[in-house]
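By letter and in written order, the chains are A, B, C and D; residue numbering begins at 1 in each of them.
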Amino acid sequence: MKLNSIVFLIDCPDQKGLVSRISTFFFERGFNILHCEQYTNVKENQYFMRLKLDMAGLKTSRKVLENEFAEFASSLNMHWTVHYSDYSTKVAILVTKTSHCLYDLLLRQAEGELQCEIPVIISNHPDLEHAANQFRIPYHCLPVTKETKSQQEGLITKVLKQYHIDLVVLARYMQILSDKFVNDWAGRIINIHHAFLPAFQGANPYQQAFDRGVKMIGATAHYATAELDEGPIIEQDVVRVSHDQSVEDLTRIGRDVERIVLARAVKAHLEHRTIPSGRRVIVFSSGI
Amino acid sequence: MKLNSIVFLIDCPDQKGLVSRISTFFFERGFNILHCEQYTNVKENQYFMRLKLDMAGLKTSRKVLENEFAEFASSLNMHWTVHYSDYSTKVAILVTKTSHCLYDLLLRQAEGELQCEIPVIISNHPDLEHAANQFRIPYHCLPVTKETKSQQEGLITKVLKQYHIDLVVLARYMQILSDKFVNDWAGRIINIHHAFLPAFQGANPYQQAFDRGVKMIGATAHYATAELDEGPIIEQDVVRVSHDQSVEDLTRIGRDVERIVLARAVKAHLEHRTIPSGRRVIVFSSGI
Amino acid sequence: MKLNSIVFLIDCPDQKGLVSRISTFFFERGFNILHCEQYTNVKENQYFMRLKLDMAGLKTSRKVLENEFAEFASSLNMHWTVHYSDYSTKVAILVTKTSHCLYDLLLRQAEGELQCEIPVIISNHPDLEHAANQFRIPYHCLPVTKETKSQQEGLITKVLKQYHIDLVVLARYMQILSDKFVNDWAGRIINIHHAFLPAFQGANPYQQAFDRGVKMIGATAHYATAELDEGPIIEQDVVRVSHDQSVEDLTRIGRDVERIVLARAVKAHLEHRTIPSGRRVIVFSSGI
Amino acid sequence: MKLNSIVFLIDCPDQKGLVSRISTFFFERGFNILHCEQYTNVKENQYFMRLKLDMAGLKTSRKVLENEFAEFASSLNMHWTVHYSDYSTKVAILVTKTSHCLYDLLLRQAEGELQCEIPVIISNHPDLEHAANQFRIPYHCLPVTKETKSQQEGLITKVLKQYHIDLVVLARYMQILSDKFVNDWAGRIINIHHAFLPAFQGANPYQQAFDRGVKMIGATAHYATAELDEGPIIEQDVVRVSHDQSVEDLTRIGRDVERIVLARAVKAHLEHRTIPSGRRVIVFSSGI
């Protein structure tokens, strides 16, 4: 049986005694610490912690715990979030016409690898409705033109609210989102870019990779920001290729990397192991 | 400038409040925790911690600190070791005739990658004396036959003591050490096996790999134990090969993996990031 | 538009002039060679070739070409097979209860990555019928006990014949097939083993991997032979793991490797890039 | 015993019957083909071949063979080069202050992995003379300022001629060579760039990688061209990193990738497996 747990994600200016103070805060309230990871950015004197508690230690209401921690945290100038394992994150997947990342996420969720709900799939094209149907998930087709962009994003927002969405995954959604939309959902949109950023930004990276004769192709999952392809990177990977592989081969081979990189990034987010910080993301290694 | 630091490696039965108690022990004595990593083997209820302190917090003698911690530790049933960054581990390298691992370690030490001293090289053959000379390191040639094994190991032990050796690295030393020798140096001998253990134990693994047509070859660095090739694994890696590579190719390609795997394992040990535990090694990821 | 092509797979004792004779055979008949790869096992003096021809060069019937080549080949003591790109290999997938490899193959086939037909799925359990239904593929549930093994294999054989199956893929089919069945389908059954063979043969390799503390886990796709887990290896891959991952984590991480390794092996077979030879498989690198 | 061999590297417009014609040319002269690899760039209709012959088949002088092949080749509009295994390529290594790539090449040459001679090391600084001395190789220190660039390159050229150098390896030589120099040595200068090109061009790529929070760092070996960091890529590789590694860690980790990538690229060149073609390099996979 899996334990219920509470995860705190914390970042604050580094200072002496942080581990002791934080762990003692929870020890005094009767919590058992299941796992604790930390990182200090020495250059910027910033401290990051992921703390996982056994929920069995919770003797008060969640509200009381949060209020007490908020008071404690403000004395140390902390940013923090708290996550309860009995709450299931609600994920919307946005797609255009390419199915491999969509299917991959749906299957991993079905197999229990991604602990979340996927209550809705949104697309600007009708092409992938059959995939949604296979998994009995509502499919909202919201076409868009240059002229209708802001209206369409309004409709997307409405759908996201309707389903109480916590996280938006752009699983090869081939539209640039407006700054407003991206900012409204800051830290809650994960995009997969089909190249090893920062190389090959923009369109058609596999053609670029072929023309440049690179020996490895990659994929990058990042939080979306207003500057395209510049969002903080959550996960990357590459695969070796050679001169005798065509652009079509690279595209096909690249799909496997895209799938895996996106799945890992989504998993890290769902397990509350990511803290975005400027252009970087602190990704704690363990999902324990 | 690099900070001087103190590393505590701790393992004990898991129990509530460990992080709080340990961190508070050091906080109360004025230490700043530079880094803290932990791992719980849930199945065996065993807790492991690596704690790195700023040595500037040390207000007493080392002896006093250690005595105080020993008392604290015994109350929690801990095994522990302490390591001071201003002490330089003394490493003896044992070789036979193959030079690639030897050179690799010598160069990494010379370039400051491996923070240690290498005061002596020991071999059962004279072949690599020139390499020792290149780096001006004493070379002890101690030949061995089946009949003279125990005498030769006695001579090795004498040399190790003479140079105050802390760690023995078997850098392709092609002799099986006696159980007695291995036990005397338990947790302080690192061996490189030129295969991905547990596959291809024993001699000539590259021939075995070719005959079996495997698609990857590897190397394994482990602490030596009385049972050959069964010691707890510190590090492994592999590299892809194909059918058109000969045994000689595999051997050559394998050398790069051996080099890197051995260097990483030695580095992990020197940075006090390893805690052997039964057939496994806890290897903390960060050398910070 | 994709060219239609003809692939010849050839192996024979090595001898002077093979490339010239073979290429001239086809040149004289007006064929354009699209791609040619070869390998010589020097130790065993055996020569292997994969030759890809533009089918537009075919001026006679296939029968005539094959008869002429057969005569030519017998003078050089060749084994050979020929494959036409306009024929679609018929693949049966055998499963038990685990879905990840099954879904992966179905999706890759649907996306055009695996050029084949999958007319039937066979299982000894009813659990995965829904997956078959999602893709509208007939699902034959053929339960088996120790006592009914030979009858059940008889039923499997009947189904395979009914659908004119060319290749059987064991996508985590958790039954040991009889020697007779394996021999009848020699070179036409691909199995995925969830470990880096030859390490961790047999059941529960992820538990074995955890207990041994290995730093990488892998998967192996091989042609099935009467000796379990000893069949010639088509493809392998590994992924790095660490001490803080549980057996469940290793199992989950391993699934990604299993998926990809099996898919690559099936793809290599479908593209006629594999020639089994004793305990090894010659896998030509390029699918061009 | 290793066979003496002759390698032909060929590229020409694709046309029917090339394999047959070329292989027959050599068959008629009594040569045994040891290995043959080819690649067709379909888009540009360009054909590339690497042909390895048993030198025992040579019944005439090399001059006669070359003259006959030249005549044959001109009829097919070929570029080609020929290489005899009993000739040892002469390599000059250019360095500045960093030793890891230099040592790596020297050791691989000493161990027989790189079949070449290294008669001279050239540097713009005196720092690495001790390394040259360790291997008893002449060290030419040729300092350079902005004003003396063309004179210094004149001196370099003189040294290269004096030692009959065939290949120049820039093993972390931190000077930009003039267009004239690079063009004079086109296809005969290999450079190691300490980043995964085309990302992180220019100086201090490890700092860039840290700031951008990438999850992998890499290295790229390429033929030098007048446009810096734009030369055709011979080899690349990457290694995984995480947020908790400092710029110094990335630099250290990167050194291992640089070493290996440069060694592989030099090895490919020395084995006559590379044909530069525009912005790409055809790198034949096998050194057989």
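Following the convention adopted for this analysis, a contact is a pair of C-beta atoms (placed from the backbone, for glycine too) under 8 Å apart; a residue touches a chain by one contact, two chains touch by 3 or more.
Everything numeric here is computed off the predicted structure, so don't read it as measured data.
Engineer: Comparing the two chain pairs, does A-B have more C-beta contacts than A-D, or is it the other way round?
Structural biologist: Between A-B and A-D, contacts are more numerous in A-D.
Engineer: Which chain maximises the distance between its CA centroid and that of chain D?
Structural biologist: The most distant chain relative to chain D turns out to be A.
Engineer: What is the distance in Å between the mean C-alpha positions of chain A and chain B?
Structural biologist: From the centre of chain A to the centre of chain B is 37 Å.
Engineer: At what distance in angstrom does the C-alpha mean of chain D lie from that of chain A?
Structural biologist: Result: the chain centres lie 42 Å from each other.
Engineer: Please list all residues of chain D that touch 2 or more other chains.
Structural biologist: Where chain D meets two or more other chains at a single residue, that happens at 242, 244, 246, 285, 288.
Engineer: Provide the residue numbers of chain D that touch chain A in the complex, in ascending order.
Structural biologist: Interface residues on chain D, with respect to chain A: 39, 42, 196-200, 211-216, 218, 232-233, 235-238, 242-244, 246, 279-283, 285.
Engineer: Within the complex, which stretch of chain D touches chain C?
Structural biologist: 16-21, 23-24, 26-27, 32-38, 40, 240, 285, 288
Engineer: Which residues, counting only chain A, touch chain C once they are in their complex?
Structural biologist: 99-100, 103, 107, 111, 113, 134, 242, 244-246, 249, 252, 255-256, 260, 285-288
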